[in-house]
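Below, subunit A partners subunit B and then partners subunit C, in two separate complexes.
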Partner chain A sequence: MLPELLQGIESGGLLIIQDSASYSGRHLLQSFINAALNREEAVHVLGFEVSEEELKDGLRGSPVQRLHFHNAYTDPLGWTDHPAFTVHHFCLEELARLVKQTSHSKPATLVIDSLSWILRHVSPPDVCKTLQQLRKGGAVRAIIGLLHADMHQRGTVGSVCRLATSVITVAPATKGDEAVAKITKRSKSGKVIQDEEIFRIKDDLTIVIQSKSSQPGAKKADSEEQETDPTANLTFNLRLSDTEREAKEKLALPFVFSKEKKTALLHSGPDPDDDLDV
Partner chain B sequence: MYTELNSILNTTPDSFTQGEFVLLSDRESDASFLIHHFLSLYLRARCKVCFLGLVQSFNHYSAISQRLGVSLAQAKEKGQLVFLEGQKESLSVLIPQETDTGSPAMDFLRDPAVGLKSLYEFVRSAVSSSGIGEGEADGAEEWGPPVLLVDDLSVLLSLGLSAGAVMDFSHYCRAIVCSLLQGNVVMLVRCDGEGEEDEGDDEGSERLMKGLTHQCSLTLHVQGLPTGYCRDIHGQVEVCWRRRQGDGQCTQKKLFQYKVHDKGASFFAPGTSSAVL
Partner chain C sequence: MSSVGKPSAERSPFNNTSFQKKTRSKLISIPGTRPSVQNGQLLVSTGVTSLDYLLGGGLAVGTVLLIEEDRYDSYSRMILKYFLAEGVVCRHELYVAAAQDNPDDILQELPAPILDDVALHKPPEQPRLSCEPQDGLDAMKIAWRYQNLPKVQTALASSSRFGHYYDVSKTMEPEIRQAAKCHRFYLPEHPTQSSPTHSTMLESYSALLKSLQEVISREGFDVAAPMSNSRNILRIGLHSLGSALWGDDLCCHDNPKNGRALTTFLYGLRALLRTSLSVAVITLPSHLIQDRALMGSITRLCDNAIALESFKGSERETNPLYKDYHGLLHVRQVPHLNCLASKLPDHKDLAFKLKRKQFSIERLHLPPDLSDTVSRVSRGELAGATTVASACGSGSSGNKHLDF
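Take a look at the complex of A and B:
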């Protein structure tokens, strides 16, 4: 499903790439930027975590004429006198103004690198509100955000990802430069599709799918195969033969009163404790 | 400076990658020998070095550097090294003397809530200055790209700062030193917890380390041996390159065991110590 997502996100979509300290999702983010640029879309990058040079260095070979970098990297908190974009500018009006500065026929894709930086300084409800307004407002066509999931509380990650139309969670795979992507996609009808793929990012930022680690069909067959008979190796019998049943029925169960037991109880022998001087 | 570590990291005093953010970390072990390595490496490489020594005294660092063959006192005199002695400076903030009210760099001690902007200002002025020795106009020496070393960030947590404030500080340092001036940053952070997962503790060293791992381009993580202390192997260090290398590799990990000697350290592949072979 990763190649489908790379081919373009539906208008009004929000894609979140979730990563952790063990594997950076930024390379995948660059693949998405590269794919959008190759489709001749305008891409606005709100960069908190990488400088413009570093980003463009990573995008070598992509047509970067339509890439617009908004520098929130050098001074995200306004510690110097002339901050370009601070984290407190993260609201609909400011972002709409930024994107409008460059006129294009097509609405642009907004890339946020990363949402984690914003979430450290702006309250999660405000971030969610701004993201929702951006999606519905029409200032941008689609939003792609990077989120370091291990930096936040689970509830925060959950509420941001709830807004997303697609969530890609990346993690390292067993082999060197491969990675696993768990994809959750919500379509407009409300249908949720999940998939898991092992991928590799090539030098030119295109993506090669190595294998689908869990195709729904394959998984089903697997589980059927493993279903073994639980009664196969028992140490006792589950069924009785006729002679066994007869023998069983002959036995008197304990605590069932019978004639013999009654006489035994009434005429019990001498009390063994009789000689005990209590 | 440990030549074996240099060959692992593919650096020499004459040629090293610029613009790198190196994160040193340790867990139930001591990674400070790596700080001494990088300090002597960059002084030999004729870089302009700003060292935030928050843990030990100047004499401590000076004595160890002497063994590794560099003189901190000389470097300071020449203007190559700017040294912030955290212990001394914090004392003059906490017990103000008439003559010395302490460096503004340590202002965060008065009120941790204001953050580390003042410490950043100190770093900025140290790395942006031309590097000409004070009062030595004739001996004006040109220094290479600036380098910031911090030993260690966890102390700031103990002094009442939040992990977020320390991450903001490291971000600004990276922006100016690595990106603007094409220098290098080396920071040490210590993890006290045993477990990888402590959900409730979101302001701790664990969170700081994760945040810094997302920022950095190279990590060296020092751990004790899982089998316990050994006289011939002091521990293991995991080296992880996080930035996309030229040959297309994204993240590359290598594990080494090490032993720290009196005047150096040796690094070897796991299981190849002289005690084993």
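Take a look at the complex of A and C:
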């Protein structure tokens, strides 16, 4: 499902990439930026964690004319007199103004690197409100955010991911440069699709899907099939032939009344089994 | 004596005799309600017949039902829509409040009622065992003593059905929906200013409570309002209360700053409901609330409380034992209204399944072990197995072919 997400997020969608200290999701974020730029969309990046040079360095070879970087790296908390972009600018009016300044024909995609920085300094209900307003308003077409799940409390991560239409959780895989992505996508009709894929990001920021990780249930079935069949090699016969089955059906069961037994009960006359005179 | 026969129009306001015509009953008859057989309370249907059975026949008027949402809010939203659709079909008034989605969107997704008269008069469906043999009960040759015993009832149903069935694959016709009066509260449309006073309730909750109070008094749902011939019920649906979009940090922080905002709101809501002819259903994302004591006090403030746990995304999804069901349903609280003890459900292990024409809640039971490869794992192991690895338990190994 990762390639479909790369091809485009639906309008009004919020994609959240959840990563942790063991595997950084920034490469995946750069792949998404690259894919959006290749689709000739305008991309606005709010950069809190990496500087502009570092981001553009990672995006070598992509058409960066449509990439607008808003510098929140040098002074995110507004300690100097003229900060470029601070965490307190993360509200609907400021962002709409920013995006409108560089207006293009197509509505833009907003990339937030990272949401964790904002969540540390702005209260989570306010961040959620702004994200929801951005989704519903028409200022940006789609939002992609990077969230470091191990930096926040579970409730905070859960609350933010509740607003998202798609959540990708990345974790390291067994091999070196591969990673496991767990994707949850919520469609407009309320249907939830989940998927798990192993992928690798190449140097030109395209994604190669190695394989879908196998379900643990399937693995167990394989090992169980190798068990020997306990009903083989027995000294007694477990199966019935047809004549034997017929005879079994005909047998009168002990506690069921039948004609023969009734007569036997009523007049206990000469019963051939009763000739034991000991 | 002769004044008895006079028509009442001619009678003077001050009666000459002490003869009073005996009125049939004090109970107001409102369409879509019925008195409870247990305690005489006026009940409405929640839209889901199995849920009505669980709650003791229906939802009592003047009470609150709390639904703890499943992880992706699919089934709790479905039950809310059933509740509102039942209100439309019974011609009650609706009040929908939401912070995330526009209430109009929720109202447009209501399921279509199955208004087939033939289906309505059908006798209640016989519950079926999941493994009923196809040749029927006549074929009991050896265990013939069990032939005449009643079948195990897995689906929850009562003898008299109250409520309607809905088809979730279709949405309700706009004509039917527009016939019902709906009041809406969409939080982004109510801009709140941060008030300087330190109130325990948030502005969003106070605005909601004020709006509810205003609707109840204006539309005449107050019990104290003058008795007119036609009374109606107000069905209130509050979606995702307590989530971050309501401005509450209950779900975001382990130690929320406004820990008591939601509980204050629920207290005020209950006071409002007890003095009016209304019923409320609230959904709450309880899986995000870390403070269990707070969750306990929220549960106590609501009269009925159920929790939904869906299998989607958990390891139980692939478990063959749960393959017939979509999730588990836990009953957290049953009300005791005007009585000392409440009628608890007989079975505590319940599972739900959303079928096209019915949301059924059934007792979860182990299917018989018919194949060689399915290992018979006991339910106790399943429930706690994932988090606790006991040294002597064999839950994690799974090699259960030769268990004697």
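To be clear about the criterion, the second predicted complex is superposed on the first by the 213 of 278 C-alpha atoms of A that agree within 3 Å, B and C clash if a C-alpha of one lies under 4 Å from a C-alpha of the other, contacts with A are read in each partner's own complex, and residues count from 1 in each chain.
Definition applied: a residue touches a chain if its C-beta (ideal position, glycine included) is under 8 Å from a C-beta of that chain, and two chains touch if they have at least 3 such contacts.
Source: prediction; values computed, not measured.
Participant: Return first, second, both or neither, reflecting whether A:Gln132 touches subunit B, subunit C, both chains, or no partner chain.
Facilitator: In the superposition, A:Gln132 contacts subunit C only.
Participant: Taking the superposition as given, does A:Ala84 touch the first partner, subunit B, the second, subunit C, both, or neither?
Facilitator: Neither partner.
Participant: Is A:Val64 touching the first partner subunit B, the second partner subunit C, both, or neither of them?
Facilitator: neither
Participant: In the overlay, answer first, second, both or neither for which of subunit B and subunit C A:Val256 touches.
Facilitator: second
Participant: After the superposition on A, what does A:Val180 contact: first (subunit B), second (subunit C), both or neither?
Facilitator: So A:Val180 meets neither subunit B nor subunit C here.
Participant: Is A:Gly190 in contact with subunit B, with subunit C, with both, or with neither (first, second, both, neither)?
Facilitator: second
Participant: Please work out whether A:Ala96 is in contact with subunit B alone, subunit C alone, both, or neither, and reply first, second, both or neither.
Facilitator: Neither partner.
Participant: Is A:Gly155 in contact with subunit B, with subunit C, with both, or with neither (first, second, both, neither)?
Facilitator: second
Participant: From the superposed pair, tell me which subunit A residues show up as contacts to subunit B and also as contacts to subunit C.
Facilitator: Subunit A residues touching both partners: 153-154.
Participant: Per the contact definition, I'd like the list of subunit A residues that touch subunit C in the complex.
Facilitator: Answer in residue numbers: 123-125, 128-129, 132-133, 136, 153-156, 158-160, 162-163, 184, 186, 190-192, 194, 215-217, 220-221, 224, 227, 230, 253, 256.
Participant: Report the residues of subunit A in contact with subunit B in the complex, numbered from low to high.
Facilitator: 20-21, 23-24, 27, 49, 51, 53-54, 58, 73-77, 79, 116, 120-121, 148, 150-151, 153-154, 172, 176-177, 179, 201-203
Participant: Quick one: in the complex, what on subunit C touches subunit A?
Facilitator: Result: residues 72-74, 77, 100, 141-142, 144, 188, 243-249, 251-254, 285, 287-290, 312-313, 318, 373, 398, 401 of subunit C touch subunit A.
Participant: Residue numbers of subunit B touching subunit A in their complex, please.
Facilitator: Residues 117, 120, 164, 167-168, 171-172, 175, 179-180, 199, 202, 207, 209-211, 213-215, 242, 244, 248-252 of subunit B touch subunit A in their complex.
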